[in-house]
Amino acid sequence: MKHLFYNDYSEGAHSAVLSALSRGNLEQEAGYGHDESSRRAADLIRERLGQPDADIHFVSGGTQANLIAMAAMLKPYQSVIAAASGHINVHESGAIEATGHKINLAASLEGKLSAESVRAVIDQHTDEHMVRPGAVFVSQSTELGSIYSKNELQSLLETCRAHGMYLYLDGARLGSALASPQSDMGWRDLGPLLDMFYIGGTKNGALLGEALVICHPALKEGFRHHLKQRGALLAKGRVFGSQFEALFQGDLYLELAKTANDSAQKLFEGIRSMGFGFLAQPVTNQVFPVLPDSLISELQKDYGFYVWQKVSEGFSAIRLVTSWATPQQAVEGFLADLNRLKGSQNPLGKLEDYL
Amino acid sequence: MKHLFYNDYSEGAHSAVLSALSRGNLEQEAGYGHDESSRRAADLIRERLGQPDADIHFVSGGTQANLIAMAAMLKPYQSVIAAASGHINVHESGAIEATGHKINLAASLEGKLSAESVRAVIDQHTDEHMVRPGAVFVSQSTELGSIYSKNELQSLLETCRAHGMYLYLDGARLGSALASPQSDMGWRDLGPLLDMFYIGGTKNGALLGEALVICHPALKEGFRHHLKQRGALLAKGRVFGSQFEALFQGDLYLELAKTANDSAQKLFEGIRSMGFGFLAQPVTNQVFPVLPDSLISELQKDYGFYVWQKVSEGFSAIRLVTSWATPQQAVEGFLADLNRLKGSQNPLGKLEDYL
Amino acid sequence: MKHLFYNDYSEGAHSAVLSALSRGNLEQEAGYGHDESSRRAADLIRERLGQPDADIHFVSGGTQANLIAMAAMLKPYQSVIAAASGHINVHESGAIEATGHKINLAASLEGKLSAESVRAVIDQHTDEHMVRPGAVFVSQSTELGSIYSKNELQSLLETCRAHGMYLYLDGARLGSALASPQSDMGWRDLGPLLDMFYIGGTKNGALLGEALVICHPALKEGFRHHLKQRGALLAKGRVFGSQFEALFQGDLYLELAKTANDSAQKLFEGIRSMGFGFLAQPVTNQVFPVLPDSLISELQKDYGFYVWQKVSEGFSAIRLVTSWATPQQAVEGFLADLNRLKGSQNPLGKLEDYL
Amino acid sequence: MKHLFYNDYSEGAHSAVLSALSRGNLEQEAGYGHDESSRRAADLIRERLGQPDADIHFVSGGTQANLIAMAAMLKPYQSVIAAASGHINVHESGAIEATGHKINLAASLEGKLSAESVRAVIDQHTDEHMVRPGAVFVSQSTELGSIYSKNELQSLLETCRAHGMYLYLDGARLGSALASPQSDMGWRDLGPLLDMFYIGGTKNGALLGEALVICHPALKEGFRHHLKQRGALLAKGRVFGSQFEALFQGDLYLELAKTANDSAQKLFEGIRSMGFGFLAQPVTNQVFPVLPDSLISELQKDYGFYVWQKVSEGFSAIRLVTSWATPQQAVEGFLADLNRLKGSQNPLGKLEDYL
């Protein structure tokens, strides 16, 4: 295998993050998140967000963040509204339901909910024979690589406010969204638009770790109890603190995300210039080129990626995911190999439909 | 503060473990525990245990290990029997109950259950108005620093077998138990005596990480689903694999535990030679000297430790915990300071009762 | 209001059931289902089913039956597959999820699952990031009034067997299904086709009460613990026993269901003879005539029923539900009133499309 | 068997309650508690309590009432404090834990908690490694037949208020407590002293049914969702409404309880006059005479009762429970038989110690 484009967590940590893990290693620190590096990391994040009153808690992964957030947000009879493609719906092995809560699916487009689709679900839940929606779950960037605009989140927030619900954002790939050229949002837009969200570390330079940010005052109370009860409170909180300190001391977090996005853009442009089409314009670090199946088979000998969906007879879309660690030679090599393989197959005549 | 003797997780990781975290950092690996270092670490552990068929899963902390184990072991109406001092009973913020299961307390001595105390609980649970005990939870070493002998675990196992129950061991401090001079158990005794247990990394040289070992075949099925559902499956499994590889390639795991025990023994002998008594003979890495309250106040100016319990008018037991990272000069400094402070207080006349 | 056709639980109990409740009222009986009438009722049901080894437990309602069944059937990471219209999905306020389990929706036709639609869901759930389907939930008759044939249930059972799953049937309206002229099933077909199901009393002559029948041996163990834990074990089990004894001593249960079906059939034929169309041919005790909206408004002044769905501009389907207690004069009165109102509106010309 | 003194739910319903069940049987009513009899019964209870704003919900049993109350009162990380003898602790098969909550045991005397014992538990729960007590559970009369005074409940309420906790009362035998000559409480004292409680029907004249009363405004919201989610919402709410209407139209509820208490008193006085002693003075409908074991064996041939505990060599306490339905001839018969058997054994010389 020359390179794997399966996902954005195949590599370890960025070197600055790794170094940070070693710093002050033998100094004695208070346990369970009361260490100095966790405090400093939280302060840096609060400052970056312009949210001096936000509570910051570090957890070890996205599913853990999501299940604790829902357990904390929802009353026993409340549900969370999500897109069918939402991570909590398909890829968390029933973690939300295991905390006792139903997920209500709302119609979505490219992995994104709209205020209308959310309202439609709310309107169907009229009495005590049905759950009562208590929160909306969105991902930024979404599981399909798309991003919400400021206005879209604002509409969702207003819908939530109108119905006594919370708005929660899964930011496993928040960096790729904020660093996207298509994004109209910055760090300081997050706090006012969200009740709780997390800033993903695992997929953006850290070995592990996500920073849960609580903006809504009602959700802060007792949160460390929630963390402990779900097994999320690490004895050595420095594991998280030191990594996030490294990511947020300067602009490393967004730089890494931008690197990933740039590689995706480079793949997109290279593949487009060869005349191939795409499922969608890439917005973040995922690219979905449509290729002849025979060519896909050839590529799979040297590269790892998922075949996303069949597009038409003989043609499928593949998914290429880039990360902060994707080597430039892997990108260039892929394009060169594709160009070489393509030539021998002369697919151009058939592919214009997908441009 | 000259040194903290509060616990065994105040420092970071052993240098060999830290280095291992960096090795192969930019190599692409399969996610969620399917990486090569996790496989190698699991193989090393299986070999050490002499349990080629055991399943090994890595998780990030003890509470997480315990709650997943109980969720996997117990039917909805089943309970787990534990000592009142058991970690799951007091110090996990209701994590076991949050998975739906009651903890039945059995009488214990120095933190240890006996087959008799377990049977007494079983005998009380006679019909469907009560929960049915489905597992026994023990800690090795216990929360009070004591250890089970092989015979004691064997009796507990037989009691479990006689009643269709599982025996589970919390090994957050398993190293300190195995490395104790009082221990009659070795690595190869664990598998035959236990249905599931974990080997604690966090308190013995790792930054984070515990290795869950499943011996009973019925508990292996679907376990990765349990892990995912509780948010325990890290995207970058190498975080655990590389650390446990470092701990188990040679004998590092037991060496670190022995270092901690030795420091505790040194404290014990030094304090005893000054004429002070103890709550109990130290067996692992915890020492409970009984000191005059005034002397305790003096010591607290320079050292961090918990005052464990009042023993008599003017005298209390304190708890000193050592770790693999406790510097020898901290041990020696503590003894020298105690000796100096003691001299000025001449406590000997009053303390003979506690010898 | 002349009569309500909203549902089949608006009236109290059949007179024979009511009388049974009083019989032996002051005789002392063992509690919690160990009374003689519960034993006799269970024996009668076992005999009727031809299932001498089945376990029978009585509970107070359908949601209670369903949630206990799922809690008993499923491991923590397992889900149940249901139709979107399934009672557990929409109308139980998240009761299944509150026991920790996800509901996976499979495509359905007229409220019925097929082996194919179930297999499609199973095939999508391939690894530990997703729940694992552990049971299939069907209703007989369904929430839309349709019924499964013997072959259809047989196919579902085979699919379940092939994947280590259980087949569960919600029989809130089992009587109406068995008594349907379209049914090819009798009492003795149920046991071999199902792992667990319940025979609904509440909607077929009882004041309250459903009889859970456990056919699969693995599901019998500890079931009374499940009942107690979910608050389903009534101190005075005679409440259920005496009612089900009355329903199953002779053929009362099916007679009541047939009465309800006959009234529905009478409504269907009467309405059809006036030239109106229907959403579907009525199979059990629900009729869905399509009427002009103006006529619906007139009818609503005297009768209670739900407007089911808009069918075309100016026309909607309504739902009329009959029960064992529906008076013949209510049926005849409704037809007479409809005929009178219809005449004045002359809708026939526009309605032929729906015949 | 001449009579069973095992418990207070061996008989069916009081005749007035039974008749009420039949009244208006074929009238069509709204479902799920929206029927007229449920409304009238709730109004009668509100009036009796002097709590016009209280919410009243009917459920089918005590365990169901308790588990729903706790699910509604507690946040995920909160526990409920109870006596070891509390029904939720021992006799509900882990129902509270199945909703995710730990029960913290506080020291108790004769089944009663004190403000001091509750505070001791609260004081031990200091940080997020432990659950946070969120409610106190008491029973009135207690599982041991004793009762709380107004002052005792007041102290418990104040303790709850001081720590942001709720006070909940299990009134399975509330009638026997209010009707006790030792009680200093009346109906109107309950509301101001409690946040939520239930008035037990099953053990005081009803076939089934308990009336949950919610006094604290914060607990009213969404409660019907809780009921539905736990399978407690009966389709035919009239089952509860009609019975409680019968019990509360006049003073039947307290009259029945007084009848039970009087029978217990009569047993007490009769047995005392023969020279036997008792574990405690009977306060409600439970009597605990201490008898020679040989005499107990003789009595067991004709009467059903539990042997409660061994008191000294050759002597044990038995428990006799009376109910509204205990026939006077059963009481008199028991006394006559005891007198006859006693005579032949001449136990008096040995029993004075227990007087």
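Per-chain residue numbering starts at 1, and chain names A, B, C and D are given in the order in which the chains are listed.
Going forward, contacts are C-beta pairs under 8 Å (C-beta built on N, C-alpha and C of every residue); 3 or more make two chains touch, one makes a residue touch a chain.
Note that the structure is a prediction, hence the values are computed from the model and not measured.
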Item to check | Cα-superposition angle relating the copies subunit B and subunit A, to nearest 5° | outcome: 180
Checklist entry - Measuring centre to centre with C-alpha atoms, which chain is farthest from subunit C? => result B
Checklist entry - What is the distance, in whole Å, between the centres of subunit A and subunit B, each centre taken as the mean of its C-alpha atoms? => result 36
Item to check | subunit A and subunit C, separation of their C-alpha mean positions in angstrom | outcome: 43
Checklist entry - So what's the Cα centroid distance for subunit A and subunit D, whole Å? => result 53
Next on the checklist: Two or more other chains touching the same residue: where does that happen in subunit A?
Outcome noted: 76-77, 92-94, 98-100, 128-129, 131, 225, 228-229, 233
Checklist entry - What residues of subunit B sit close enough to touch subunit C in their complex? => result 32, 71-72, 75-77, 99-100, 128-129, 131-132, 222, 224-229, 233
Checklist outcome for this item: The residues of subunit D that touch subunit B in their complex are 76-77, 79, 90-94, 97-103, 128-131
Checklist entry - So in the complex, which bits of subunit C are touching subunit D? => result 3-4, 7, 9-13, 15, 18, 21-22, 24-31, 59-61, 63-68, 92-95, 98, 202-203, 207-208, 225, 228-236, 238-239, 325
